[in-house]
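Next up: the structures, one after another.
Each of the next two complexes has subunit A plus one more chain, namely subunit B in the first and subunit C in the second.
Now for the complex of A and B:
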C-alpha cells in the first residue's frame, strides 16, 4: 500500500498541489478571495454551465446508442464478434488530435452527412456530442455488456414462465441487476465528457469551452495561474464527487449477484426482431465508429504506391531529426515502460484493496480506490506544469528525464489496472493463502504459487489495457519537455502543424499505424478474455 | 534516454519503478532508447553540456549542430517544451531553477512577458552587429538576441481566384469588401499565434480603436474563426493539400508567408509553381528571439550557443527547417523561398511594449466582438 500511495503522492498530488498553490498564493499570502472573484465572472459561469450540460447530454446519448450494443455483445453470438469488440474499443484509446480530424471528415463539409443530406454539424454542439459517443461507446459496452453476459438468462426466462410479459420480465429481473453497472458506466462517461478537452477544442470551434479547455487556456496561453488554480479546484471538487458516487455504485455492483459463465449466455440471434436489432447495432457502429476511422485510412492511402508511408521512413525536412517512423519505436518503448510501472503500482494497490477490512483503515483503503481514478479527471496541463515546478530538486529532478513520460502515462494506466485486477483478486479464496502459509510458505511464495497462477490472465489483460492507453496518451506527454523522442500522437500533432501535402499525408499514415497497433493490442486482449472463461475480470 | 538518469535518482520509490520498468523492458531496449541527445554529460558549472530550451517547432540540420559541438567542445542538449506560448510560460515558471541555459523561441508578441518576468540575463552576442537594424530590440540591456523572422499573412488559393476571375486581395481594406464575402478563415486570437498576429496586424494598421470597427465589418463580411492553425489551414482552406482533401471551401486563410514554399517542398511530385500565394499588404511581422536564461548553470556554454544561433551557418540552415527568414545581413535564403514565397515587402509591425500594454485587453475585446 505504501508504494502506490507514495507514487500518487509524489507524481500526482504533490505536483498538482504545487501548481495550484502557485496560482493562489501571492507574496506568501493565500488569496482565497480569488475563488469568489473568478466564479463571479459571467464567462466562467457560462463555461461551467456548458461543461455540465454537454456532459449530461453526451452521457444520455452514449447510453442511448450503446446500451443496445451492450445487449448485442452480451447475448448474441455472431461472426467477427471478437474483432468488433476490439474495434469499438480503439476509439477509446485514440488521441483526440487524430479523432478530431477523422470526425470533421464525417460531419464537416464534404463529409458523409453533407453529401447525403447537405447537413453540416461541425462547430455545432452535435459534433461534440457525437464524438463523445464515439469515444465512450466502449465504456458502456464493456462495463454493462460485461456484466450482462454473466447474468443468468434463466432468471428472466423463469419470470416469463410465471406469466410476466417480456418487458416486465426485463424491467423487474434484468434491469435491477444491471442497474449498478449502467450507473457506473454512466458516471464514467460523465467523468470523461465533463473533462473533455481535445474534442471540444477541435470540433467545437472557439465558441464552445469546457472547464478543461478553459484551464488549458488560462495556464498555457493567457498565463493567468490564479484563474487556472480556481478552475482546477472546481474541477477537482466535481470529479471527486463523481468518483465518490461511482465508488458506491461499484461496490453495490460487486455484491450479491449470481453470475454465470459469459460463454454460456450468448447464442445466435433468432427471429426477425433479433436480427433487426443486431443489424441496427452493427449499422450504428459502422456509421459512428468505423466510418471516421476509415476516413483516416483512406486519406493515408491517398498517394500513389503508399507514398505517405514510404515518406515516413525518410529523414526529410528534418521536422524531427529521425525518420517519423521512429516514433513508432519510441511509442512502444514508452508504452512498455508505462505498462510495467502501471502494473506494479496498480497491482500493489489492487492487492491492498483486496483486504476486506472493516473499520476505519478498511474505509480508508477503499477511499484510495476512488482516489486512484482522480488522474483521469484532472487536466493534463495542470499535471504537466505541476511536474515542472514540483519535481525540480534532487533527488527528484526528473523534469527532462525520459522517465517522466512513462510516469505520466502510468498515472492514466493505473486506474485501468486496478479496475481489472480487483474483482479477480477479491475472488481468490483467502483460505488458500492461509493454507499455504500454514504449510510453511513465505509470503512471497504464497503470492507466487497461489495468487499469481489465478490472476495471471487478468494481469495480462490489465497490461494490455495499460499498454493501449499509454500508446494513445497525448495530453500529459505533450506537456513534458523532453529531448526529441516524439511519441506517435505527438508526431501526428506536429506533422499536422505544418503546411504541405507530405506532412498532412504522413500524419494520416502515422495515425493509421497508431490505430492498427492499438487494434492489435486490443485484439490480443480479446483473445485472452474469451480464453479466460471461468475467471472474472473487472471492467472500468 | 540513457540509463544514467535512472541510476542517479536517490528515491526508493523511483528506484523501484525504474527497476521494474527496466525489468519489463529488457535493459537492452532501454539503453537503445535514443542514446543520442539526452542526459549524457554532467550539469555542473563549467560543464561541457549546454542545454537549449525551445518550442516544438524548433528544427535544424544535424550536421550543423554537430559542427558547433566540434568547434566549441560543448555538447548540445535540446529540450522541446510545447508550443511557443507554453514554452515561454514554462520557462517563466521555472526561472529560479531553469531547465536549461538558453531559451530560443520567444516572439515579439510575448517578449515583454518574458522580459518583465526577468527570464533573461544580459548578453550581447558576438556577431550581433551583423543583425539587421530593424530587428534589434532592448538595445540598452541586450537581454535578447533576434534569431529569425517570419510574416503572418493572408494566403490565397490561386486556382480558386483564377477560376472565379476575381482579383486577389492586396490589403486589409480589401478583405471587408463585398467581393470577398465569406471567403476568409482565420484563427482564434486567444489561442493561436497566427490568429493573434493577424489581430495585431489590424491593430497596427487601424490603430488602438480603429481595429474594432474593422473587425465588425470583417465579421459582417462573413469571416470564419476556428481555434487553431491546423483546422484553418488543413480543413477550411481550399488551397492547401490537406484542405483539398477535406474539401475546404475558404480560398483565403491566415497563415504564414512561408506556407506557399512549404506546399511546393512537401509535394511529390513537386509542382512548377506554388498552388497558393500570399496577399501582400495583409502581413504582420513576427520575430523570434533567444536569450541567456537567468540562473543558467552553464552560462559560458550558453553564450557560445547564442553566438552560434546568429552565426551564418545556423542562420542559413533555418529557412528550410523552420520556414522562417534569417535576421543577419548577407545570409542566403534558399531559392524555393525567393521563388515561391518572398518575404513581405512592408509588413505591419508593432512595438513589443505596445503589444505588452494592450495584448490582453485587445484579445478580450476581440473575443467578445467576434466570437460572442
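Now for the complex of A and C:
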C-alpha cells in the first residue's frame, strides 16, 4: 500500500496543494479573500452558472433518451443485442476530442445538417448537450439497465396478481428498486458533464465556457495562474461534494434487492407498443450515437485520394514542429507507459484494498479507496494544471521529462484499474489462499498461484481501459504535452483551432484514426469480457 | 506430539477460544466435537497458523510455533468446503503442496497417482474440479492434504456436506486409511456419530472451552455435565436431591448408584433405563408421542406436573400415543452429572 500512497501523495496531493498555495497565497500570506474576489467577477459567475445548468440539462436529457434504452436492453431479447450493447459502449471510451469533432462535422459550419437544411447548431448550446448525451448514454444503460435486467420480473407479476395495473406495478415495485441506480447514474452523468472539457472546448466556441475550459483559458491564454487556481479549488469542492453524495447513493443501492440471473428476465417484445419502443430506441441510437461517427469518417474522406490523410504525413506551416501523423506514435508510446504505471499502482492499491481489515486500519483503507476515486472526478484539467505548476521546479523538476505525460494519464487511469480489479480480487475466497498457505505456499506464491490466475483476465481488461483512457486523455495532456511531441487529441484540437479546409479535414482524419485505435482496443476488451463471462458460467 | 497450552483467541473482546489445553499423541485420532460457534474451527486455524493467538502457545513435536507462518508449519488442513483450486484439474490440486515443497515433476506425478489410488479415485488426474461430485471433491481434498506428508492432519467438518449414507461409508474408510498410514489426526465436527466413529479420543467443546475429553465410550457413558449430555441427545436430565440410595426428582423417587454424593445433584436417565410397566405399578404417564428410530421406538411420556421423559422401547412393546402407562427406573442407566442443573 505504501507505493500507491506515495504515488498519490507526490503526483496528486502535492500538485493540489501547490494549486491551493498558488491561488490563495501572495507574498507568503494566506489570502482567503481571493476566493470572494474571483467569484465576484461577473464573467466568472456567468461561467459557474453555465457550468451548472448545462450539466443539469445534459443529465436530464441523457436520462430522457437513455432510460427507455436501459429498459429495452434489460427486458427485451432481440437479434444483434450483444453487438448493439458494444456499439452503445463505444462512445464512453472515445476521446472527448473525437466526439467534439464528430458533432462539429454533423452540426457545425459546412456540416451535414448545414448542407442538407442549412441548420447549424454549433453556435447553440444544443451541440454541447447532444454531445453529452452521446457520451453518457452508456453510463445510464449500463448502470440502470444492468440492475434492471437482474430485478426479478416476478415481483412485478406479484403486484399485478394483487390487482395493480401494469403502470402501477412498475411505479410501485420496479421504480423504487431502480431509484438508487437511476440516482447514481444521474450523479455520474452530472459529474462528467460538470467537468466536461474537450467537448466544450471544441463545440462551445467563445460563447460557452465551463469551469474546466475557463481554468484552461486563464492558464494558457490569460496567464492568470492565481485565478485559475481559485477556480480549480471551486471545482475541487464541487466535485468532492458530488462524489460524496454518489458514494452514499451507491451504498444505499446495495441494500436487499432480490437479484436474478440477467439472462432469464429478457424476452422478445410483444405487441405493437413494445415493437414501437424497440424501434424508437434503435432509431435514437442510430441518430445520436452512430450518425455522428459516420459523418466524421465521411468528412475525413472528403478530399480526393485520401488527401487529408496524406496531408497528415507532411509538416506544413508552423502549427507543429513535426508531421501530425507523428502524434500516433507519441500517443501509443505514452499510452503503453501510462498503462504500465496505472497497472502497477492500481494493482498494488487493489491488492491492498482487498485485505479485510477491521478497526482503524480498515477505516484508513476505506478512506484510501475514496481517495483513489478523486482523480477520476477531480477532472483532468486539475491534474494537468497541478503538474504544470508543481512539478516544474525543484524539488521535483520533471518539466523536460517525457514521463510527465504518462504519469498524468496514469493518474486518470488508476481508478479504472482499481474499479475493475477490486470486485474480482474480493471475490476470491480467502480460504483458497489459506488452503494454499497450509500446503506450503509463501505469501508471494499464494498471490501467484491463487490470485493471479483468477485476475489475469481482469488485469487485461483493466489494461485495456487504462490504455483507452490514456489514448483519449485530453484535459491533462494539453497542459503538459510538449509542442514537439503532441498526442493525437492534442494534435486534433490544435488543427481545429486553425482556420482552413485543410486543417479541418486533417482534424477529421486524425480523429478518425484515433477513433479506430480506440475501437480496436475496445474490441479486444469486449472479447475478453465475453470470454470472462462464459468462463465464469462454465464453472457452475 | 501436538500440545496446546492456554490457547486463547478473542474476537472483539469475546473469547472464542478460552484457555484451551490439549494434547494429541503420535498416531492418535482426536475429534473435537461441539455445536457451531463453540470455537472448534478456530482451534484448527490457530494450530495451522491462520489465526493469531491472543494468549497461550502451540507446540508441535516440542517446538513452539509462535511466529511460524502457516506455510512453514508442515501441518495439513482439509477445509470444510474443500476449497479446491477451481482453475486447476485434480492432479494440479493434489500436486500443489508437492510443488510448493520443491518436489521434482517426476516425483509429483508418481505421488499424485499413489494418492488418488489411495483415496479411491485412480486415474482422475485430468478431471476438472467442477465435474466432481461432493464425495469425489472430498477425496481430492484429502489427497491434496496428505500429499506433502504433513506431521499432523487436521480436518474441518470432513464429511459435513455429504449425504448420510456416503458419510457413514467414508467415515469407516477414513479411519482405516489413517490407521494404515499412522497419521496423527485432529478433526472437528458437530456430528457426534461422525466423531464417535472416527476418533480414538473425543473432546467436547462449549463456548471456547473444553467441556469433556475421553474415549468415545467414556464420553457416551458418563457425560461430564448437563451440556454434554444434552448435546449428545439425552433429554432426561433433571435436578435432584439425593438422600441415601434414592433421589427426589420431578418424576418421583429414583434409585441412584451406591456411593452417590448426598444433596443436590443433576441426574441423567438414559432412555433405555425408563421401563414401561402396567399403569398401577409405576409413575403414571400418558404417551404424548412416539418416534420410530429403526432399531427401537422413542416414546415421549408426560407425567403430571413433570418434564417429559423419553423412553426407548422395543418395536413390538411400544404403546400407542394416548395410552396410559406406568414407569419405573433402572438404576444401571441413571448417571450423576457434574455441573449445574438447568431446566
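The rule is short, and it goes like this: the second predicted complex is superposed on the first by the 382 of 540 C-alpha atoms of A that agree within 3 Å, B and C clash if a C-alpha of one lies under 4 Å from a C-alpha of the other, contacts with A are read in each partner's own complex, and residues count from 1 in each chain.
Just so we're on the same page, a residue touches a chain if its C-beta (ideal position, glycine included) is under 8 Å from a C-beta of that chain, and two chains touch if they have at least 3 such contacts.
Note that the structure is predicted; figures quoted are calculated from it, not measured.
Annotation for subunit A, partner touching more residues between subunit B and subunit C: B. In the superposed pair of complexes, A:164 makes contact with neither subunit B nor subunit C.
By the touch criterion stated above, A:479 is placed in contact with subunit B alone, subunit C being left untouched. By the document's definition of touching, of the two partners only subunit B reaches A:339; subunit C does not. In the superposed pair of complexes, A:432 makes contact with subunit C only, with no contact to subunit B.
In the superposition on chain A, A:450 makes contact with subunit C only, while subunit B stays out of contact range.
By the touch criterion defined above, A:496 lies against subunit B but remains apart from subunit C after alignment on the C-alpha atoms of chain A.
Of the two partner chains, neither subunit B nor subunit C is touched by A:294.
Shared interface residues of subunit A, touching subunit B in one complex and subunit C in the other, do not exist.
Of all residues in subunit A, only 429, 431-432, 434-443, 445-446, 449-450, 453-454, 538-540 touch subunit C in the complex they form. By the touch criterion given at the top, residues 3, 6-7, 10, 22, 101, 104-105, 108-110, 123, 201-202, 204-207, 217, 219-223, 299, 302-303, 307, 311, 317-321, 330, 333, 336-337, 339-341, 343-345, 385, 388-389, 392-396, 398-403, 406-407, 478-479, 481-485, 494, 496-505 of subunit A touch subunit B in their complex. Those residues of subunit C whose C-beta lies close enough to touch subunit A in the complex are 45, 48-50, 69-77, 79, 81, 83, 85-87, 96-97, 100-101, 130, 144-145, 147-148. In the complex of the two chains, the subunit B residues touching subunit A come out as 1, 5-6, 8-11, 13-14, 16-18, 20-21, 23-25, 29-30, 33-34, 36-39, 51, 53, 56-57, 59-62, 77-83, 85-86, 89-90, 92-94, 97, 99, 113, 188, 190-191, 225-231, 233-235, 240-242, 245-249, 255-256, 259, 262-263, 265-268, 320-321, 323, 360, 371-372.
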